[in-house]
Structures are given as structure tokens and as C-alpha cells.
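In the part that follows, the structures are each spelled out as C-alpha cells.
The following pair of complexes shares a single chain, chain A, combined with chain B in the former and chain C in the latter.
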Partner chain A sequence: MLCVCVFVIAGLPLVTRSVVRSFEDSLRDRAITVPMIVGSAGSRFDLVLASLHWRASDVTPIPLGVAEEIRSEPGVMAIPVHVRFRARGIPIAAVPYEYFEYRLLTPRDGRLVAGLGEAVLGSSAAAELGLVPGDELPSDQLRSYDITAPSAVMLRVVGVLRETGTADDRAVFVDLETAWTLEGIAHGHEEASSITDENKLIGRSDDRVALSGAVIEHQRIDESTIGSFHLHADRADLPVTAILVFPGSEKTATLVRTRINADPTRQALSPSAVSEELIGSVLRVRRVVDAISLVVGIAMLGLLVLVALLSYRARADEVRTLLEIGATPSQVAALFLTEFGGVILVGVGAAFLAAWALGGASDRILTLFT
Partner chain B sequence: MRLLSLLVIALVGLALCGCDRTDASPDQLHIEDVVRTTSAPVDALTRRIAGDAVPVELLCPQSEDPAAWRPDPETVASYQRAKLIVANGAGYEAWVQTAPLPRSRLIEAADGLSEPLITVRGETHSHGPEGHHTHEVTLGEVWLDPLNAIAQARAITAGLADAFPEHQDKFGANLDVLSTELMDLHQRLERLEQEGAAIVAPSTPFGYLARRYGWQTLDLSQAPEDWPMDLYSHGMESGDFGSGPRALLCDKPPDPAVANTLLESHDVHLVLWRTGSRDRGKSFTEMLSGNIDRLEASIP
Partner chain C sequence: MDVTGTNSVIRLSDVAYRFPGHDRLTLRVPSFSVPEGEHTAITGPSGCGKTTLLRLIAGVLVPGEGSVQTLGTDTTRLHHKARSRQRLRSIGMVFQDFAILDYLTAFENIMLTARIGRADSGSSREHARALAERAGIGHVLHRRPGRLSQGERQRVAVCRALVTKPRLVVCDEPTGNLDPSRSKAIVDLVLAEADTLGSTVITVTHDQTVLDRFDRTIDLSEVATLKGVDA
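Take a look at the complex of A and B:
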């Protein structure tokens, strides 16, 4: 019991420091890989967490055309991403093929996305969902009680990515067109002109066919239905959550940032700066935990001393016997110190081990909370 | 003590899981130094501009119509690995609109056009919360107009120069020669226009060609092989088309009986105008020149 007390006293600050350090490293490592993020004006934390750590949230989208505008700047790469939906609780990250190239995400099993409705799972997501290539995964309904909301789409799992130790491990990757299908902007249904079922028709003229609500949009995208899927918007107007921007030089970075920030509805952020802000907040919390740990530690230490003294008193007969059979007082003291020292050593050792272990697995732990 | 031992074992296991990270193999994402095209006309233009500087591959099989073809996942992966993908654009290759291709390496040659694309009004229908919406179909055969082909060639040259800057001069020189040849063909067609040749072309697929040279267009829903015997009464008898000898373009030969009826009864000369959509490996300018030769020969 004493061991567990020592473990808790030493472990709490050590584990907190270790996890916070890993969290800092994770945020910094991810942030420095992307020089700039462009999105709608609003919470900068939400924008960075959504686009770098796949935290599915209702960030106001920006039109895809902004990515094309940014790309028109010489030497600039722009990768639009869409994060709004989930599949069995795992965020669906809709990315173009360039994202896999940039992050060096390669399949461990199966292949990368090659068509509408296909999904590639991060390694943790595959383990958590228990899915392999060939399985199907339904997207989660955004608003369960809203009958006007687009229906769920059955995704086909075509691959599982190698483990990277980043947020990419716990994501379901699809292409942007699939995300727009989940949004309801793209859909597939029977050819309107060929519908003869009176229940599905409200009216028909030479150039117009009015379909009734009985026409069900396809929820499964396969060989037989993929040809009927079509977009209902100009490509430039399609929504994306954010655009990861990789300017070729400082000059182009300044040009892009200035142009984007000139529009009050948009913002261009440095993920590193935002991450440092976030880390600063976490550090403040860690300092509070440290102070509490110190107070608890001092109290616990007092209790330990008290327990040791009581233990010495309770074992007075044992001490007397030891002295009578020839043990010196220093040998008796050494015996007691060894016993207590062992307890403290095991407790502190276990605390260090816990800090090391939880620090190593902090990415997994943090993804559960983001 | 037992509780602590279990805790230690659990922590070691957790730590080992955290350390198990496999490095990605970037070889699978290797970009190949090749240009992959999606349809025969842009393939012909791209080959002409690229010359022997860079390899150009058309992955659409000969037997398939590029407008309706849907590549399998392995073929899409081949396109994804190409350093440059050249598509016609204007919605011609339907699969390109929804395929996860690397857009930063995709050139849609029709984007180089300065004139508006021709849209064929599709069907308007209403369903769901969106209400009325129209599925407009864009006429994809932009290359049939020689000036459009020049604009497409310029867009392709810009894309090639970005992807392979070391061959920029060669691409520029090849573009100059190709543009000169296409301009000559354009002038031949312009001369026909100035001479007042009576030419009628189905709006699909000849909309761009007819718009350029002021030819009359005919909205026909059937492909030439399905043209009815009474085709003339399906619009050509209208006063707008005038009277007297005329040339009617077709991209495939119709039933010989239909051709004979048009010629003998109405003095309408059918002219086969190859679109080249499936003529892989053929010279773009030779094909166009052959079309103009046939047209000139048939003008009464």
C-alpha cells in the first residue's frame, strides 16, 4: 500500500510532464510540416485542430476556388482538406491524392483511394473498427432526426495505411468528391428521363421532369451506380474545411497571406504560432497540476513519516529482541531504512516507468480526447 | 505488490505499443517521368508538342469511347503516379470529374479556351430539398475547331513546360510548327466560309466547328448510323437551311440508303468528318486536313 502511495505522489507530476511534453512535441511536429493554413474567419484553434489533427467540427467551410487562386501563385502548392463527418466515431478526412504524397502515407494492406466512395483507414482506425480491405463502413448520420439531411453513404474500405504515430493513424481517408457526396452536393439516382413509375413522378414536360420524394438517392457507390453520381455545383464553389498551403518562398508566403487576410471572411494562419498558443495554455494547466502535486506530495510525505514512526513503535518488541540477540542500534536502523527505502524505490521506479510508458503512447491517448 | 506488478506489465505493454512505428515506404508514391493522356485528340496534340523529349501514354483502350470510359483502380493509380496528366476537359471525359487525380498535375486542355464552352441544355428535374435543378451537358469536342486546338495546344505546352522545364525550348518550337499547320487549316476553312459554301453540321459533335465558321447546325438526337430514311424532314426542309446543294457533316458513315436518299432527292452531300476521338496514334493535322479535303471535294 505504501508503494502505491509513493507511486501516486511521484507519478502524478512525472506522468503529467511526460504526457504534456509528448503533446507539445506532437503539436509542434505536425505544425512545422505545414507552413500556412487558409480557412474561414473564426476560431483559429478549431481550424488548426481540424486540418492537422482531424478533429471533425463545424468549421465554416471555404470554397475550393480559393485553393485554385492560391495555386495560381508560382511555386505554391495548396492541398484542400475537408473534415466534417465521422464513420462509427472516427473522423472522415477527405483529402486529394497530393496529401498522401506529402505525408508519405502508403498502404500496409490494399491500395490508396482510386474512386468515389472508397476509403483508406489509418492503422489505429482499422484496428479500432476491426476492418480490412473489402469491408464496408457506413458514414455517421450528421443529424439523426433531420429527414432533410443527406443520408449516410456506405464506404468501401480499399486499404489500410502504415502506422505513422500521428493523427493520420486515427482517420478514415476518402477523396474530396466523396465528402461532397456526404454533404449531399453530389448524388446519384435513377436517370430522370427513364423513370416511368408514376409514384416517382410529379410531372413531366418536354424539358422538365419533376421527381417525387419516392426517388431514393443511391447510398452505395459501386460499379452499377457510380456512373449516375454527379455534382450540383460549380467546382470552384464546393466547400472545403481548410487549405494547407506550401509557399515556395517567403515572398510568395507574404503575398498569399496578404491576399487572404485582405478578405475579412477568410484567414491565413501559421500553424506553428497557433500551436504555440495552444501549448502555452496547456503549460499553464500543467503548472497548476504541479502546484497541487507539490502540496499533495508534502502531505503524503508527512503521512509516510508518521507511518514509519508508528511502525517503529508497533515493532518495539521486535527491536528489543534484535538488540538482545546482539544486533547493534545502527544495524537495526539500517534494517528499517532498507525496508522503507525499498518501498520508496519501487514506488518511484514505477512512477518513472508510468511516465515513460504514457509519454510513448500519448498520441494514442490524446486522439481519444481531440 | 501483485497489483503493482500488473500495473508495471500493463505500462510496459502500452509503451511498447507506442514505440511500434513503421516507416512509410515512399517508393509506392514515386512520381514517374511520364505524361499520361485520357483521350486520343489531346494525346495526339501532346505527342506532337512533347516530341521525343518525354514519353506520352494514352491509357484509354482503343475499343473504348473516352467520353464513356471508366478506368479500373489500377489504371487510376497509374494516372496518379504520372508527372503530368493531360485531359481534354470541358466535361468530355466523365470519369475525370469524380476521380481522385492529383489536380496539381492535371491539365484540362479546354481550360485554355478564351471563348465560352457550348452547353447543351440538359434535363431539368426536381427532387429532394434542392428543388429544380438542371443537368447541363457541355459539348466536349472542342478540338474540332482548329483555333480551339491551338488554344488547347498552348495549355498543354504550358503544362509540359512546368513539369519538364529542361525541355521548355523544344516544346515551344514544336508548338510553333503545330500552330502554323493548324492556322493553315483554319484558313482553308475560312476560305470555304468566304466562298459561301452551304454547310450543315449536327450541333453534336460539331457545335464548335459550326460556331467558328458560321455553318448551320442541326439538332439530331440519333447517331449517324441510326439516322432515319426521312432525315431531311427532321429539320433540314426548314426554310432556314435554304435550298440547293449542301454538304452535311457526319462523324460516322450512315446507312448508304440514307446517304443516297439525301443526295438524290435533296442534293445533300454527306461528308465524313473524323473527330479522332478513337483514332489513337494518328497525326492530328493530317486527320483534320483529310476532313477538309473531303469537304472541299464534296462542295458542289
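Take a look at the complex of A and C:
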């Protein structure tokens, strides 16, 4: 009980500071690596957290064609990312191969994603899921009670990335085509021209076959089914959550920003500026938590003093025995102080441990509470 | 047997101890001595000052007047730290209520005096175990007091008093609430160990069944008076 009191007194401010500091570091370190993010108009925080920290959210997607428009500016690199789905709770980050190159992500085991249905896991994700290359990982069903929603797809784990100490460690990476399959925009099924079951056909003409909902889509993408997967949309219209933009110069950056912001449905923003804004909000919250910690700390300290006094009175017989045996008052005081010191040491130690552990998990906390 | 005080381990002269909070209540001991190696029992009615006499002898209390010589030292002239040191090194005490610490095991309780006196060595631990074996509590040394019987607790208290091989053993009602056979066993244990060590024993007791074990029995009213008691 006393240890808990000490833990609360020392732990609240320590944990808050440690988490906030890690949170700040994590946000800043990640933000400075990407000069610009383009996405749909809406919450700038959601957009940054989704595209840099893989917070799977319902950010309104933008068409992939926007990336092509941006790339038309000379010297600009644009990396589209799509983050909407999860696999056993871990966010699925759909990225093109350039993303791995840009982030210098290399496989620790296996290889990088090379095709549809393949997944490469961040180091923490692999440890959390207990998966290795060769294993399978089902995507989470988007809406469990909606039979019209796209069904889950079984992903094949082909690699595990080296640890980076960033949000990339806790993500399942797939290519964009796999993400669109999870969206239901791309799918695979038995060859339409060979279907004879009337229940599966709505109509047939010389060059077209209209299939009914009775046709079962493939949920597993493997050698026998991969050939049947196809898109039902123009590639330029396919959705992506955001585009990470790397302009070659300030001038190009201004041009891209101006063009994107001219469209009221889109926004181009600086992740660093948004992150600083987010950190500012968090620091304001921390000040409130600090004030609460101070009040709780004072109350707990009062409780500690009270318990110490009551304990001393309750142990009067023990003190008398020790003194009569021959202990000096200073020895008795030292005995009590040692006991009290032990309690304080355990409480403060636990507080430091909690601060260290929670500080290290700031990326996880970031995705949980932001 | 030396009762004149020439070779005494304990010698009280013209002692007057006024009880705190009772201005008029005073225990007076004109002259009292115990020779070295003697086993003395002190009897007397409740409230006559037996425990106070023991505490004066042990140096826990200091009289307002007179002198208390214990083991050749006038304790009334000693600083309280020196008196504590003397108790730790040379006096073993068995308390009326056992005064065993509940959060320590039986063995830790036995070793308490040695630990406080920084005499916690391998040989003292061996001595403590041997003492406990002879006292019949060798099998319960790992237990805490809550899991010990009344008799076992009492024997732990006796072992604690003897673990530092004291020259003087002071016992306050050591047979407390024990039945006659157990009372005799406890007294025999204390006296046998004291004989082995050559220690002097002074015991306050109400228990008439154990008096024959002692070299001398003194009724406190013969050597001390308690003045100022409301009639």
C-alpha cells in the first residue's frame, strides 16, 4: 500500500514526462523525414498520424492519380500510402517498393513484398503476432455484420524487417494492389467464361459476362488463384490515404502546395508544423496532468506521513522491546528509516520502471490515444 | 553463598525510584545484592515493584537516589548508550509478555540481540541453533510467532536472552501463563543454560511450583518498600 502511494507520488509526473518526451521525439523524428503530405481535406492530425504513424483510420482517401500529377513536377518524388485495414489488430500499411528504399527498410528474415497477397512484417509486429516468413496472416474483417463488405484476405508473410525504433516496427506492409483487394476493388474468382451455373450468371453476351453475387471470390491469393485477380476501376481513381511528397526544391514545394491547396477537397501540409501543433496540445494536457499530479502527490504524501506516525504508535511495544534489549534510540530510528527507505526505494524504482517502459511504448500509445 | 555484597554481581544501595506520573509513589531498596552465579527468585504480590526492581538492575530505569551496581559497574553513572551497550553484551532479558516481534521468524527473533549488538557471526548462529535444539524448538525456527504455540514462543524468548552468552540473565515472569510442567521445563532450561555459562539468574515469579529450582527465594517486601500507595 505504501509502495503504491510512493509509486503514485513519483510515478505520475515521471511517467507523464517520459511518455510526453518519447511522444515528442517520435513525432518530431518521423515528421522531419517527410517534407510534405498530401491528402484529402479534413483533420490534419489524422492525416499525419495515418501516413507517418500507421494509425489505421477513416481518413477520406484521395485518388492515386494525384500522385501522378505531383510527379509531373520536375524533381519530385511522391510515395502513395494507404492505411485503412488491420491484421489481428496491427495496422496494414500499403506502400510501393520505393517506400522501403526511402526508409532504408531491409529484411531481417525472408524478403520484401514482391506481389499481390504478400506481406512483410515490422519487427515488433512479427514478435507480437509470433509469425515468421512462410506463415499466413488473415486481414481483419472490415465490417463483421455486413455481408456485402469485402471479405478478409489471407496474407502470405514473406519477410520480417529489421528493427528501426519507429512506427514501421509495428506494421504489416503490403503493396497497394493488396490493399485495393482488401477494399474489394480488386478481386479474384473462377474464370467467368467457363461458368455454366445459371445461378452465378446474370447475363451473357458475345464479349461480356455479367456475374451474380453467387460467385465466390477467392480469399487466398496463391499460385492457383493469383491469375484471376483483376481491378474493376481506372488505376488513377484507386484510393490512397495520403501521398508522401519529396519536392526537389523550395520552388517545387511551393508549386505543389499551391496546386493541391487550390482544390478545396485536398490539402498539402508540412508534417513538422502539424506535429509541433500536436505536441503543443499534448504539452497543454501535460500541464493539467502535472497540476493534478501535484494535488494527488500532496494528498499521498500526507497519507504516507499519517501511516508512518500511526505505524510508529502501533509499534510502540516493539520499540520498547528493542530499547530494553539494548538497542539505542538511533538504532531503532535507523531500523524504521530503513524500512521506510525500502518502501520508498521500491515505489520510486517501480515509478522509474513504468516511466521507462511506457516511454519506450510511446508509438503504441500514440496510436491508441490520438 | 555471598549475600553480603562483597562478591556481588548485583548490588543496590539506598535506591529510591519515583514512578513517573505518581509523584508520591516511590520504590525504596536500602540494600540488595546477588552473588555471582546464584539463581535468585523474587516473589511478592502484584504491584509491589518486582518488575521495576528488575528494570533498575538491567539499567532500563535509573533511580533518582542511590546506586545500582550491575556486573561491577554503577549503572546510575552511565550514559544511556553505555547502559544499552552493557545490556546488549552482558545481560539477557526475558520479558513478561515474551516481546517477540511478529514479523520476524523464530530464528530471527533469537538472533535479534546478537544482530543489534553487531555480534551476528557464524558461530553465534550456530550457538543459536544449538540453543534452540536444546530448548526443543529446533524444528520451528523458520516459523513466525503467529504459528508458534505459547510454550514455543516462551522458549524463543528464553533463547533470545541466552544467545549472547550473558553474565546476567534477568527474567520477568518467564513462566507466565504456562501449565506447571511446562513452567518447570522453561525454568530448568534457563537455569541449565545459565549453569553452563556460569551466569547469574534473577527471576521474578508468582509461580510457587518452580521456586524449589532456585538457590534463593526473596520476598520483595523483605528488601524493598513501596511508599505512597493509596490505602
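For this structure, a couple of remarks:
The definition used in the following text is that the second predicted complex is superposed on the first by the 287 of 370 C-alpha atoms of A that agree within 3 Å, B and C clash if a C-alpha of one lies under 4 Å from a C-alpha of the other, contacts with A are read in each partner's own complex, and residues count from 1 in each chain.
Just so it is clear, a residue touches a chain if its C-beta (ideal position, glycine included) is under 8 Å from a C-beta of that chain, and two chains touch if they have at least 3 such contacts.
Values in this document were obtained by computation on a predicted structure and should not be read as measured data.
By the touch criterion defined above, A:G65 reaches neither chain B nor chain C.
Once chain A of one complex is fitted onto chain A of the other, the partner contacts of A:T321 are limited to chain C, with no touch recorded for chain B.
By the touch criterion stated above, A:L105 is placed in contact with chain B alone, chain C being left untouched. Once chain A of one complex is fitted onto chain A of the other, the partner contacts of A:G42 are absent, as it touches neither chain B nor chain C. In the superposed pair of complexes, A:P96 makes contact with chain B only, with no contact to chain C. For chain A, the partner that touches more of its residues is B, with chain B and chain C as the two candidates.
Common to the chain B and chain C contact sets on chain A is no residue at all. Contacts from chain A toward chain C in the complex involve residues 317-318, 320-328, 331.
Of all the residues in chain B, the ones that touch chain A in their complex are 1, 3-4, 7-8, 11-12, 14-15, 17-26, 28-29, 31, 70, 73-74, 76-77, 80, 94, 97-104, 121, 123-130, 132-133, 135. Residues 3-4, 7, 71, 77-78, 96-98, 100-101, 103-108, 111-116, 148, 158, 162-165, 175-177, 184, 186-187, 189, 192-193, 202, 207-213, 215, 217, 226-227, 229-232, 346, 350, 353-354, 356-364 of chain A touch chain B in their complex. For chain C in complex with chain A, the residues that touch the partner chain are 55, 58, 60, 80-81, 84-89, 91, 93, 95, 97, 99, 101, 112-113, 116-117, 160.
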